[in-house]
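I have a structure I would like to understand better, so I am pasting it below and will then ask my questions one at a time.
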Amino acid sequence: MFFHVKELQYNAKPDRSDPVYAKKLQEILGGQFGEISVMMQYLFQGWNCRADQKYRDMLLDIGTEEIAHVEMLATMIAQLLDKAPIEEQEQMAKDPVIGAVMGGMNPQHAIVGGLGAKPDDSVGYPWTARYTIASGNLLADFRANLNAESQGRLQAVRLYEMTDDKGVRDMLSFLIARDTMHQNQWLAAIQELEEREGVVVPSTFNREYEKQEVSYSFMDCSKGTESQSGRWASGTSMDGKGNFEYVGEPEAMGQKPVLKPAPPYVHGTMPADGASLLEH
Amino acid sequence: MFFHVKELQYNAKPDRSDPVYAKKLQEILGGQFGEISVMMQYLFQGWNCRADQKYRDMLLDIGTEEIAHVEMLATMIAQLLDKAPIEEQEQMAKDPVIGAVMGGMNPQHAIVGGLGAKPDDSVGYPWTARYTIASGNLLADFRANLNAESQGRLQAVRLYEMTDDKGVRDMLSFLIARDTMHQNQWLAAIQELEEREGVVVPSTFNREYEKQEVSYSFMDCSKGTESQSGRWASGTSMDGKGNFEYVGEPEAMGQKPVLKPAPPYVHGTMPADGASLLEH
Amino acid sequence: MFFHVKELQYNAKPDRSDPVYAKKLQEILGGQFGEISVMMQYLFQGWNCRADQKYRDMLLDIGTEEIAHVEMLATMIAQLLDKAPIEEQEQMAKDPVIGAVMGGMNPQHAIVGGLGAKPDDSVGYPWTARYTIASGNLLADFRANLNAESQGRLQAVRLYEMTDDKGVRDMLSFLIARDTMHQNQWLAAIQELEEREGVVVPSTFNREYEKQEVSYSFMDCSKGTESQSGRWASGTSMDGKGNFEYVGEPEAMGQKPVLKPAPPYVHGTMPADGASLLEH
Amino acid sequence: MFFHVKELQYNAKPDRSDPVYAKKLQEILGGQFGEISVMMQYLFQGWNCRADQKYRDMLLDIGTEEIAHVEMLATMIAQLLDKAPIEEQEQMAKDPVIGAVMGGMNPQHAIVGGLGAKPDDSVGYPWTARYTIASGNLLADFRANLNAESQGRLQAVRLYEMTDDKGVRDMLSFLIARDTMHQNQWLAAIQELEEREGVVVPSTFNREYEKQEVSYSFMDCSKGTESQSGRWASGTSMDGKGNFEYVGEPEAMGQKPVLKPAPPYVHGTMPADGASLLEH
Amino acid sequence: MFFHVKELQYNAKPDRSDPVYAKKLQEILGGQFGEISVMMQYLFQGWNCRADQKYRDMLLDIGTEEIAHVEMLATMIAQLLDKAPIEEQEQMAKDPVIGAVMGGMNPQHAIVGGLGAKPDDSVGYPWTARYTIASGNLLADFRANLNAESQGRLQAVRLYEMTDDKGVRDMLSFLIARDTMHQNQWLAAIQELEEREGVVVPSTFNREYEKQEVSYSFMDCSKGTESQSGRWASGTSMDGKGNFEYVGEPEAMGQKPVLKPAPPYVHGTMPADGASLLEH
Amino acid sequence: MFFHVKELQYNAKPDRSDPVYAKKLQEILGGQFGEISVMMQYLFQGWNCRADQKYRDMLLDIGTEEIAHVEMLATMIAQLLDKAPIEEQEQMAKDPVIGAVMGGMNPQHAIVGGLGAKPDDSVGYPWTARYTIASGNLLADFRANLNAESQGRLQAVRLYEMTDDKGVRDMLSFLIARDTMHQNQWLAAIQELEEREGVVVPSTFNREYEKQEVSYSFMDCSKGTESQSGRWASGTSMDGKGNFEYVGEPEAMGQKPVLKPAPPYVHGTMPADGASLLEH
């Protein structure tokens, strides 16, 4: 169960309204790697957690914090939209400053949201649950989380560079710091699990059932050999169980596929010479 | 530019048709972490690559290999659908075996695809480009790739357990082995980049601009202290630049937000006592 | 069955072309609460109607009228796009008026639609059937309809404020008036059904099967007691069957959830100390 | 900012696992009118609220409660999936009970989620933010909320009828009771606002600017006159400002639209006889 | 403007209810090539039509007819859902016939739709406007229409084979016949336009501006020469303006791309040796 | 299996960066009829092909070529984004040229993609697999392909008109020429199949099972008789098996639908006078 306090986790007060920037800031609210994504991802990973209680607890700790980040961003965006000049189209087009604002503003901020934040990204695409994953395998999922925090901090940093509003930058300096922590956090949790289970997910699958001849081959399917100089093409593999091998001219090992004609009730195209072969 | 050879990278021949399993196998073809996702993700990361040529080359190597994996899965699914019994609904409902098949088959495999594979997942949801990321920051993106290969191998393993068809298992044993390689590959590439840049993405943002007081604090926003026992709550941080601190009772540091009334032309709800305050 | 006459239900003639406004106007054509949404919602509610014929007839009356509204908006948008200046990018960027137009225009209006309306909203997101509902319970659905007409009129009014084109305003004055009627209409129909069935949907569920202790409690899960002063926190409930009760400190009444470890074939993360407990 | 306690708001413990029912129950978790929808809708309405503080506070009270409902449903679904028999496809198809389970289960519950809940609906479609609205006009939005709670209670009741699991029914009896409260709550809040502002949204638009001739006309665009007998076709209008009028044979009042040929750079089809007319 | 009559264009009465088939039939109602798609596509093509009035009129004729087809299918599906056995899950699982029904039914037909049709396809995916096109170039669009009617008739025929319900087959025999007409109709309209404009869309682009060396080359990018024996690899081109040429070993004609490093404010990965080269 | 060479199929080098045009060019990369669509459509049609090997081979030839087109466009877009001026918002708003750029640029190109191409269209909507079709009936699918190449060439031509960058135009001149070839190619393949099978898809359905009375009737459901003058309204039908007939006043041939009340467990609205009639 959840409880709310009125104060924000950190300040979210812009110096001035800026509807064009409000549109951009939506990316880290409702985008692919925005705060809604990590909030939902961590909460579902926590609720579904069948492993040690410390992981469940930790996931709910951070998932709950992320709701507060969503709140900060929504609050910031609403203020950036204050008094957005949505009237008088024609006049605006003549004033380059206002014209640029009009062109760059998300029209739904005015028409749909009445100057409020939306659970959408910076092009107005709505947040979708397909951005998230909770697989039941924590090592896999913590890698998803590390990725989300890496992309998220990268985007927050880019947005920091796109404004000189001190209030916005103050809020972003907090979110960026939390992303620093969260990258560190997932790295720590991953290290724990990798020490326990090994680095290949899932660790519980019997390796005899995989085709081990190709488990450590780097296959160069693209002309040029620059890729041969990477760590992935030679030396001990990262799981310590093999040696990377560089395969410069990988060959096809499978069949040349020929599909049977479709049964007549499918009304697909039959081969010109194939009707008589049809088993039905 | 690309070229194709007729042979598959590896065998994709089932022992028998199995339309219910065909539906499930769609997950690793057109699902969130299926082969289309990694194919498109690696190709776009490669095409957009502004870093060392060895990364660009490597990304195109593996991206090109993934097209072959998409091809194998599509070929397998088409064969699993051979002679799917789509006729005579009523009679089937009376035969439990066929009835289960009917109930469990993806109806679009028959109606739309004419017994062919679709670029969709196991519930019929179409593949979407929002599954992929190419950010221009390779460390961030390689974490995305490591995650994709971890989720992908996990799903392939689960699908391996759901069938006893030797042909299907043979193909999966190859894909699972390649996922072993690809997890190792991204781990190796990540190690290279982390050694060069440090572990926090992006490494080029001036740390003075982030609110460093909270860069290493684990905030426990959920009752219970189980999470305190994790690696993330004490000791040196993973980036080596701080110490993890456990904050058992995190406090709100921000304002209690009060938004201004909306301007009249928005026709939002005005506060009962606020009309006179409105600056317009 | 349906028939069409060439004349529009009302005038849809702008004074001048205005491609930026055309983009905005798409919101009430193909947006969440646009005319396509109400058209499809009313028609499906009508076609699926299992209740009194007068409701079915009324739903098809208004659903059919809404097709005419879609037609008016599409016609208007096509005219607003007349002669949109899509050529000569560079020169435009130098002319602030044209530059603002270029920046603010929906590029698909030119590239995809050839200066025609699209079944999309003001950020270019395509209309989706998930905007609509036809539940078979008319009281529930008429509330959906009342909401749609409320949001729709609000958006039309906002769009009215964003232009001074007399032709556009003339058309909007008609649509706004129809929305006035349609809000009145659904309020009337709701009143009829509430009098017949009561206000809680669905009325036919045996109230003994619901946990009546909490059927009239306002639970304050957020700090601050401002919400206590609302009508919802005291007095007779709106259905007349209880009294609103304000619960200032709601307590958790449920279990502390602990999920069982996953079976091995799922390859999820097992608790460090839990493997031996596993029933399989 | 938000905090979490470990206990659920109410019990969420099924008597036995039931993966087919788990799939269905997803509807009120991640469906169009599921708990994620109301949670996000109320939180965003609260965060964006520019009206009286009591509304903001109330919205955050209930939005915060809804997070707890999401938690209960996710927890329930994970337990319903306990030990789902995902192995050994062929054998299952022969056992009608297990076969029905296999056919009816959401394959992603096993393959993607590892026996955990997903933020999707009962057909596996992911939750999308386009299900929600926060318009800044509270009367409009409270009608959306009333609708959501009406559809939500209807769906919960239908799901109640589809199971005889006592644990599931116990949880649903709580959620149904809360939906009773929430319908009452929005009805109360709506009544307050309607008394203050009138029933037509938005109340602040100057009625002289709408085409009042058609503001109270019921237009019968569909053959048959059953609809004439409804409250909406005669008597005083619900806003008390007009009289409903029944228009049996509504007539087109607009122009017969003729669009200009497209400019040549659009490469649309030109009228056969129209090239010479083209102004360019 | 539009009008409705109560009678359906043709009979839509099943012999018996069949909820599994109802799910499948959704494909041609709300699927990619279902009746909603053609209805919306033809209406928007008509409303946006800037060419000869006979095309506009014809598009609205057929678009209006398609609304009637949507109506027939919705009506049929609602009846196929009559008395769907949604109760008593456990007992059903034990009865193979009912179990198959349960497994195969769309759960939203019961939970969301209350035994009504939905604007979705056979896997429950909602209809989306991105299925449609109205480009302003009629020859292009009529090819889209011909495709839609071809795919649509194919799907209707497959659905015909999947049932032996005489009522359903009667309705499908009508829709299939109309699809015969509509394929003929678009073929006729295409012939008219091709005679007027030539076969390559758009006909108005100056051919000197295209790279004519490759305008008639069939490039064989895939091993094997089977494709050489097709009409497309030799002889006069279909537009009569060139000769098909078979290129067995196509060569790359473009540059080897090297992208510049990103500017620092993007925080992308810099080449290891490239920092000094950066122009900023 | 697939292989890659570093050189592009043709040049993709702009004269200068142009982030606004980059946004527009996304349409033919990741839009409904962009290169990703044809790439995926042709590859899946090839992989699923159950007809003559020459069709399978040809589909993979062209599908493989299309991957190279995706590569060219991605490369071009990345270069158009070089040094996009994403900083210093305020100053830009004051400079009309830069302001127009800012307003017109896709914000995700900077925030998400780090100045790289995205698999999205010109309004930022992600590519979705529902754009493609592979039905198993090649005549149907080749019509889809002809449509895709027609819409695609039309869009490329429109984009050609929107720039005067010689490098961009050079690349487009190549893509436009290939679209000329591909339209010719599908026309040739369609001609082959139509000669073999007839023009109505599918050709294998027994025509006695369709309602032949309406197989050649043009039904005029829209007032006005302009449509009567088209080729589709008189003369021999295109399949040579009937005569087009113009039906000026089409009549409803079906029943007036009345649906049964829903069973009580659905909790739909019952007719006021219908409860007693209910069979349950």
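Some observations on this one:
Per-chain numbering from 1; labels A, B, C, D, E and F assigned in written order.
Here, a contact is a pair of C-beta atoms (placed from the backbone, for glycine too) under 8 Å apart; a residue touches a chain by one contact, two chains touch by 3 or more.
All of these numbers come straight from a predicted model, not from anything done at the bench.
Looking at chain B and chain D, the chains that touch each of them are A, C, E, F. Rotation angle relating chain D to chain E: 120°, from a CA superposition, given to the nearest 5. Different-residue interface: chain A and chain F share under half of the residue numbers found at their contact. Centre-to-centre separation between chain A and chain C, using Cα means, comes to 28 Å. Rounded to whole angstrom units, the spacing between the C-alpha centres of chain A and chain E is 30.
Multi-chain contact residues of chain A, defined as those touching 2 or more other chains: 1-9, 32, 47-48, 50, 53, 55, 57, 60-61, 63-65, 68, 75, 78, 86-87, 96, 99-100, 102-104, 110, 112, 114-115, 123-126, 128, 130, 133, 135-137, 139, 154, 157-158, 161, 202, 205, 221-222, 224, 252, 254, 257, 259-260, 262, 265-268. Under the stated contact rule, the graph of chain-to-chain touches is complete, every pair of chains being in contact.
On the chain A side of its complex with chain C, the touching residues are 1-6, 47-53, 55, 86-90, 92-96, 99-100, 102-104, 106-108, 110-112, 114, 123-126, 135-139, 193, 196-197, 202, 204-205. Chain F contributes residues 18, 20-21, 23-24, 27, 31-32, 96-97, 99-104, 121-125, 154-155, 158-159, 161-164, 221-224, 252, 254, 257-262, 264, 266-274 to its touches with chain C in the complex.
Looking at the complex, you find that chain B touches chain C at residues 154, 157-158, 161, 265-267. In the complex of the two chains, the chain B residues touching chain A come out as 5-13, 32-33, 52-58, 60-65, 68, 72, 75, 78-79, 82-83, 86-87, 110, 114-115, 125, 128, 130-131, 133, 135, 137, 139-140, 143-144, 146-147, 150-151, 153-154, 157, 160, 169, 173-174, 176-178, 180-181, 183-185, 187-189, 191-192, 199-202, 205, 209-222, 224-227, 229-232, 237-239, 242, 244, 250, 252-257, 259-260, 262-263, 265-268.
For chain B in complex with chain F, the touching residues are 1-9, 30, 36, 40, 43-44, 47-48, 50, 57, 60-61, 63-65, 67-68, 70-71, 74-75, 78, 112-120, 126-130, 132-137.
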